[in-house]
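One structure is given below, represented as structure tokens, and several questions about it will come after.
Chain naming follows the written order as A, B and C, and within any one chain the residues start at number 1.
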């Protein structure tokens, strides 16, 4: 053990969060943590994924042959509120990460809980919006607007849901003290935070392109 | 390395020599301005690229022979690059690319120009797996065999009734996809794709669907009969004239025998379509069966029926094939087709004598009735 | 604390078959995963090849009734799908896996368990798609699956369901692999291994992985749209609701064109290793080789609609894509000249690997010039969807990719097994394959220009294409004994090949410093690199690092969660086909359980 700690493998793979403290930041060719780097790359891929979905929506924006049309249903004031909620969750994420990074477990825990609650609230708004549209006669099958709207926002909602579950697991871990507040734990929160901010930014794009622009 | 390569090339040349002859779908002998223009552009590209190919392959062969390891070959000089050389073989290809691009781009715009005022517009509609041709100027509709006048600009305005097809008659020039039309909101124009060409030589030109479109994509052939303008007018008159009633038996003595498949039918312009040289009584019976069966629900014969779904069968006897290329257009093959189309052509969307298709019941025609209908259809010339 | 000793049983201790299978099922070692990828891809090469043979039997003469139209359409669809997704991409990944970490002086890839997950999803996904043959409903919409033919209206059977769901799984596996290799190459390079010192093969793996992570998500969305149309009644490609099938073409080719480079760049990488080694000269114009590949990849993103010149996009779009496509020819030409310049003035040893590498350059050039002919878009209206195009891309993908891969097999086999492949059999294999390949595909150029469209199960005798097709079929049959010769050669060489030593070719790159086969931990200490050709410049130091005294090394332990999670992913896809809304949730739950257990699995 001591031997290993004294001579960490310089380029050992798999030294991610979840491994012991000495391996959390192994020296890498760039100095970047490999997990964080991997996540950045994955988000590059996700950008193309959402880019394609948003493009599909834009291409079909004016092509529905029957109503309801976007202008009939999209509720900008309501969605502005849910957008604000999601933006605030990103702020909470920043606070949470700051807490963990400065070894302040309390701030970290409260921050994370804030993100979870705000994220869940956003999902609640989305659930309300979906049911409302459904009662107004817009389904996946109704027209191109219905298909492309529900598929785009549905995929985004799925990402938020995964984020909420992920953060919940992290919160439970932090709460039960399964891991001490270490650099490594802060790193796990940071990576979850990267994902969360990404999903948030995607929503900003969706809100701007789908809701705001006529 | 060299020997097999050369052998492969030589065999290809021999191959071409061995099967020199008629290629009905060759791209090398276009009969339209469109086909000629794109072949000219192609020739430019071929010369440049073949030049490059020869240079590259020669260099590879020379290097392979000259620098092959021998017992006394010295340790090679460790060269890492040569900026001048590398710039040279970037710039030279770049210049060649420009040489190719200039005529290419000009041809893109030339071939996709707007049709002239007096162009003949033919609406081409792709169906699984047959072709419909509509001539709005003449109010004529036909299927699988399109007549086109020489010397007049022809504008094909194309769309599909189901999936994506592609109209390709190589000797008339390039192909173009035939796309289904997304439904548009009220008042918006529906999208078509276009081909534009002027045919210079009369003749029968073969083609087929070039975009995979399901089961019988391979059996979705096109025949184009290019004729002089007056012969074209005569064909239009034939198409529009009410069909002559089948005559009693003695009328057949004057009739000429059916031309062998592949021979050019002679448009008569007299509206005499029943001239098959078969006992008129059978044709007469065939007409009766056709008119009184479910055939008429789908098929149009000018003056006899007006079914909107299947191929228009007016002047059917002039076509080379039955089923858009499934079989040669002979009495027996038409019988086989009517009896059980799906057995002849996978997925054919037509009921047979005993096999229903979709919501359409089987026709229930007896063998004698089928023979009569076949005789009638092949007599429509 | 797990140590090396705990994970690497002494070689002397014989192991039973069962323990070897368990070892491979749970392995996270990039080398073993590489071998799994290789064997699986080789298997699918044979499957796809058999499909091609059946196609060629059918087309041997006009009006043949060897197979029906329905079966034929399944055969050509699965031939294309198999060769692209189950052979071409994964066999490149096999080489990435085995070679890249060794070339950059790393212990393993960045995420070893994710690597295993990619492989298992690939394997199960491949089996899933091919299982469709068992119920006679293999995908039949073409590998390009053009909408709206793939809608439930026009393709009501299960065929297309297998296709969209199977490819979705395979695509996800590819993206994971892509992320893994980009992270590996950025972060796990040995000290001194700057980007511009990386071996060309690693560079190509890097660029290819970038293309994978950017192009595959576009395809994923396209597949989702079709899947939802088919299962949930969305109207993305439903013409009567205003849906436009041409959108599919754009999405498909936005993925499909980068995909072409995903298939060819790894072979370029292999060629760029083999030619310098056997010419005893460094690669000519290293920097230009790197930049040109990057440029090809970049412009490749703006050239997709050259697959759509006949679609009717209008002259402006056609002109734009003509220009962008032609421009790609320039960096590609530069590569070819640089390879020749590498040979020029060298001391060339024509081993089988070198024969294949040089053959690949020559045949790729043939495919390249016909590519420029397609880019002449007005005439592409004659060429597209004919056998001229089939000839073109087989010269690129067999002449370039497959021959390049064959070069790689002969080149790295001694590293992987410690034994040489049989060179005599190798030469026979090369010449047989070279002749067979040219005999198959060269006449196809003429078949196309003389009027033979693609994807037709029959053609009329009047077209006068009988001889050309017959010769083509004979060429295809000639490739069968060639590939059997390869398989036989692999089989006997693994057992009885001559011992090779660590660096039998006197190659320059780092992987040749390790034992053959490399120890599980690759290098005993991490080498410090000072040049592009470390084994030519300072061989003693590199060998000291690789095989000298060992530092204490921690390796990740094996895990069975990747294989279980992968099974969950593919089960989700399969259960989707039941059309019961809750059924896929079972697979999803299975996947989640796998993923969560994985996340909490100790890695020490």
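Couple of notes before you dig in:
Going forward, a contact is a pair of C-beta atoms (placed from the backbone, for glycine too) under 8 Å apart; a residue touches a chain by one contact, two chains touch by 3 or more.
Note that the coordinates shown come from a computational prediction; the quantities given were computed from them, not determined experimentally.
Each chain gets a centre from the mean of its Cα atoms; the one farthest from the centre of chain B is A.
Chain nearest the geometric middle of the protein is C, using mean C-alpha positions.
Between chain A and chain C, the centres computed from C-alpha atoms are 32 Å apart.
Per-chain Cα centroids separate chain A from chain B by 54 Å.
Note: centroid distance chain B to chain C, computed from Cα atoms, is 37 Å.
Counting partner chains per residue, chain A has residues 63-65 touching two or more of them. Counting partner chains per residue, chain B has residues 182-185 touching two or more of them. In chain C, the residues that touch at least two other chains are 241-244.
For chain C in complex with chain A, the touching residues are 1, 3, 28, 105-113, 175, 178-180, 182-184, 186-191, 193, 213-218, 220-222, 224-225, 228, 232-236, 241-244, 247, 251, 254, 526, 551-556, 596, 599-600, 602-604.
The touching residues of chain B, counted against chain C in their complex, run 1, 4-5, 7-9, 11-12, 15-16, 18-19, 21-28, 35, 37-39, 41-42, 44-46, 48-50, 52-53, 56-57, 59-60, 63-64, 67-69, 73-82, 85-86, 89-90, 93-94, 97, 100-101, 104-105, 107-112, 128, 162-164, 166, 168, 170, 173-177, 179-185, 193-194, 206, 208-219, 221, 325, 346-347. Residues 1, 3-4, 7-14, 16, 18-20, 23, 28-30, 32, 34, 37-38, 41-42, 44-46, 48-49, 52-53, 56, 59-60, 63-66, 140-141, 143-144, 146-148, 150-151, 169 of chain A are the ones touching chain C in the complex.
Residue ranges on chain B touching chain A, taken from their complex, read 182-185.
Partner chain B is touched in their complex by these residues of chain C: 68-70, 73, 141-142, 146, 148-149, 154-155, 239-246, 279-282, 284-288, 310-312, 314-315, 318-319, 322-323, 326-327, 329-330, 333-334, 336-338, 340-341, 343-350, 355, 358-359, 361-362, 365-366, 369-370, 372-373, 375-382, 384-386, 431, 434-435, 438-439, 442-443, 446, 449-460, 462-468, 471.
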